[in-house]
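Each structure below is given as structure tokens.
Common to both upcoming complexes is subunit A, partnered first by subunit B, then by subunit C.
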Partner chain A sequence: MSDVIKINDIDSSDCQRFDKWPFSQDFCVTCGLCSSTCPVSGIDNFDPRKLVRMISLGLEEQLVESRWPWICTMCAKCEKVCPMGIDIASLIRGVRSLRDRDKVPGILHKGLTAAMKTGNNLGLPQDDFVFIIEDVAEEIAEEPGFEGFTAPIDKKGANLLTTIHNKLVNTHTEDLKYWWRIFHAAQEDWTVPSDNWEGTNWGLFTGDDEAMKIMTGRIVENMEKLEIKTLLWPE
Partner chain B sequence: MTVFDLLIQYIKDGRIKLDKSKYADVPAAYHDPCNYGRKAQKMFGYGYFEEPRWILSQCTDNWTDLYPSTMNQLCCGGGGGALTTGYNDERILYGGRKIDQIKATGAQMIVVPCHSCHGQLNSIKAAYKMENLEIKYLWEMVADCMIL
Partner chain C sequence: MEHKKILIIGGGVAGLSAALALEQLGIKASIVEKTGFLGGHAIQYACKATDQCVKCGACVVEEKLKAVTENPDIRIFLNSQIKNKAQNNGRSVITLNRQPDYIDPHKCTDCGQCYAQCPGKGAIEQGFSPNNHPLYALNADKCLRFTGQDCHICEDVCPEKAIDLNQQPYKHICEINAVIVASGFKAFEPVDKPYGWQVFDNVITNLELERMLRRQSIAVRPSDGLPARRIAFIQCVGSRDATLNHLWCSKVCCGSALRMARVIKTRHPESEITFFYMDAQNSGKDFEKFYAAVQNDIHEIRCLPGDVYQTSDGSLQVSHFDQHDRQSVEHIFDLVVLSVGITPGSDSGKLADRLQLKPELTGFFSASPTQLGIFTAGAAAGPMTIEDAIASAGQAVWQTVQYLKTC
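For the complex of A and B:
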């Protein structure tokens, strides 16, 4: 991202796609408040003002291929201080959405692909999921005050359906126990679905709205199927 | 429903009872996740700032806010999928500001209601050699303080 681009060399027809974007990027007065407040300014020469200007100038390819939209955490400090009301975090998510899906960095798109196919980011089969849930529930039942504890799976007509963050059935199974202990003490009538239990929605990070709709729709389907009115979504 | 509304309901209805003495000797601080706070405020017109603080106050009196906080809170550096992109050096460098903010309060425990923040805070705690800093989910704090 260190090449100098001369403004007169920019072909204005390049701007067409970004022209239609609804993030008010062309209102930028280059005041630099966003860059001052941004926690990632300076890393890899990134700063949000540069990114907003590049979008206004139509430098699409450079941005889509760069690491900038991915080292930003879309925390929206920049938006908070922007005097022109530019939706900078949403704009960055928009740039992420233009990246070829097989070039999305890290495990984000791989996890999302697994989720589309299997219902969860890990591709964890249903039997293994049920085994882990029951195993952790048995551990809680051995604790004083939690005798007889069970984790109800697919309980029709329960009061509350909860999703599960994939890391809690992977490397962090101990972290399942806090909510479950609270449910037990509060005598909650709760349940967890055996399928499509994934609580994270990585389309939020990759800019994939279609995947987000599918993941959310599956949770709603589970609620309808199990006749449950309330969802707890701790992710 | 949100984790906050449910916990508040349980506490207010007396379905769970909490013991404030358990962590009375551990100075704690609360971190606002961007998605429950600043971003929720923008997207849904309502950010959850008061609710988690009320819940934490039912668990301990010994807690403080980071500075800045609420709408001006600093991101932990783990947002936007940063824990999964592989850009770890950038993420750790980013988290250095969070560490400075935590150090300034003298907190020995950070309470947080977000899985991504929890993961990132544990990661930067190790990277910046803050072994004695405890990273706690808000609901873990509640579960720990329950009187059975």
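For the complex of A and C:
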């Protein structure tokens, strides 16, 4: 991030800009609460206060090319404490959306591309997914009090449809069991879809509205197809 | 003019100053005060002189209070509030809701037995100045007797038999020619800010530090009473805040925080004081000189902290972004002082209704109300220093006199 900006280089007459940046950034009083409260500020000198001011000054192009917007975890703690009510996390997402898609950081870009193509960030085939789900369900069924436990897949007319975070069918399969044990204890009538089960939506993190819409639409389609009214979407 | 009567709402520094100025002109003034004590917020403030007077105005409040209490011509209605206002032949008829003097000022010797032995938390309150007499007042909202219990400990322990809880509230009607609204402000209560006020013992407001420095010479940690060596001031807590609809600067906090910092540092040179701010506001014509001098005494950080956590020994860990190192850093303090904003008085909406006044969008009263015969003085019209509150009281009195000439 270059330090010295010539103020004269900024086109202050470009009022159109504010339509594109409707995040109240121009109300910033530079109090610094955002930077002080941010859990990742200081990483690569990341400074949310400076980022907000850069947008306000019309320097978004510099930010688009920088790493800063991608350091943010979008936890929005900054928004919670901002005395001027600036939508800082949304503003950062706005900056991310301006980057060429093939320059989006690797894992996010790959995951989202896979999700667009296959329905999940891992590109996990349907057979493998069903195998993992059934395998974990069998493990639960061996626990005392869970005899006969099964994980209902594509159950039409169930009360609850649940999505799955991809890491739970990858490296963290044990974590599937917590929800499922609760469902069992609560005698919940639940199901998981065999296709488009992905619960994460990296269109959110990459600033890709179109991808976000497709991912969300697929979940809605599943609900309609399986005639389920209630969704549990644990990210 | 000698037959004219003015009602002053609020017994803080503005109300006291207005009453004295009217009295000097031979105009009868009465002060209505909703609490049990005259002096308002300003009487709670500490003198901030170091090797020389810094003109904070705290002592002037004490002088005004003394002058008012010693003046038999100024009528005082404590524990009283405006019920309504009606017009009668060019004069206003004001009805006051009055709590009785549960503690008889003629008998009370300010011994403090009632205060010391009252089992109801906060039911007997203590005034801030020796010029408050009685030095104690009963808060009926917190008194066990008034919440249905059979308690008469204060009546029994009073050696002068000055306390009588069997009295009833009553109405007082007065006919007056003009009203000066000097109802003051409310100090912002930072419960929703991420600084742990009322969660951690050693996080206090600037008002609480003022009271502490008025009581004793040094700043201590409320948790254990030990001297606070490392002290942080956090500015603009509840001021310049759109989410609270408090867009204004509270004007006095930079000056008062820096002056308190200087007092602490002068008395205890080993103190380490950090001032977290967004921009230091000028207050008073000597501020520039003062601000330059204060740079040697304190550590200034142009960034408000994000979080405060308590450590195992009751100290406070404060995190903030360091704009020079461009890193998030943490410091340990013994005491964190929040400079809270000045906000409209808690009853100002109700009071406005009863006077048929329309407050401004901020909730403060207009500095020049459009209603005939009503004037404003002091922080009722917005944040101001003691000095400005006294000046605005003078202006309100001048406006009142001009008005009285027309009626």
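Following the convention adopted for this analysis, the second predicted complex is superposed on the first by the 220 of 235 C-alpha atoms of A that agree within 3 Å, B and C clash if a C-alpha of one lies under 4 Å from a C-alpha of the other, contacts with A are read in each partner's own complex, and residues count from 1 in each chain.
The rule we apply is simple: a contact is a pair of C-beta atoms (placed from the backbone, for glycine too) under 8 Å apart; a residue touches a chain by one contact, two chains touch by 3 or more.
Fair warning: this is a prediction, and the values are worked out from it, not measured in the lab.
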item	value
Touch count on subunit A, higher of subunit B and subunit C	B
Touched partner set for A:179, first subunit B, second subunit C, both or neither	first
Partner chain in contact with A:220 - subunit B first, subunit C second, else both or neither	neither
Which of subunit B and subunit C A:41 touches, first, second, both or neither	second
Touched partner set for A:84, first subunit B, second subunit C, both or neither	second
Which of subunit B and subunit C A:202 touches, first, second, both or neither	first
First (subunit B), second (subunit C), both or neither touched by A:30	second
Sites on subunit C touched by subunit A in the complex	194, 236, 240-244, 278, 302-307, 319-321, 323, 326-328
Complex contacts: residues of subunit B adjacent to subunit A	1-3, 6-7, 10, 15-16, 34, 38-39, 42, 71-72, 74-75, 77-82, 84-87, 90-91, 93-94, 97, 115, 119, 137, 139-140, 142-144, 146, 148
In the complex, subunit A residues that touch subunit B	39-40, 43-44, 67, 70-77, 79-80, 89, 105-108, 111, 144-145, 160, 165, 167, 175, 177-179, 181-182, 185-187, 200, 202, 204-206, 230-235
Contact set on subunit A toward subunit C in their complex	27, 29-38, 41-42, 45, 47, 49, 81-85
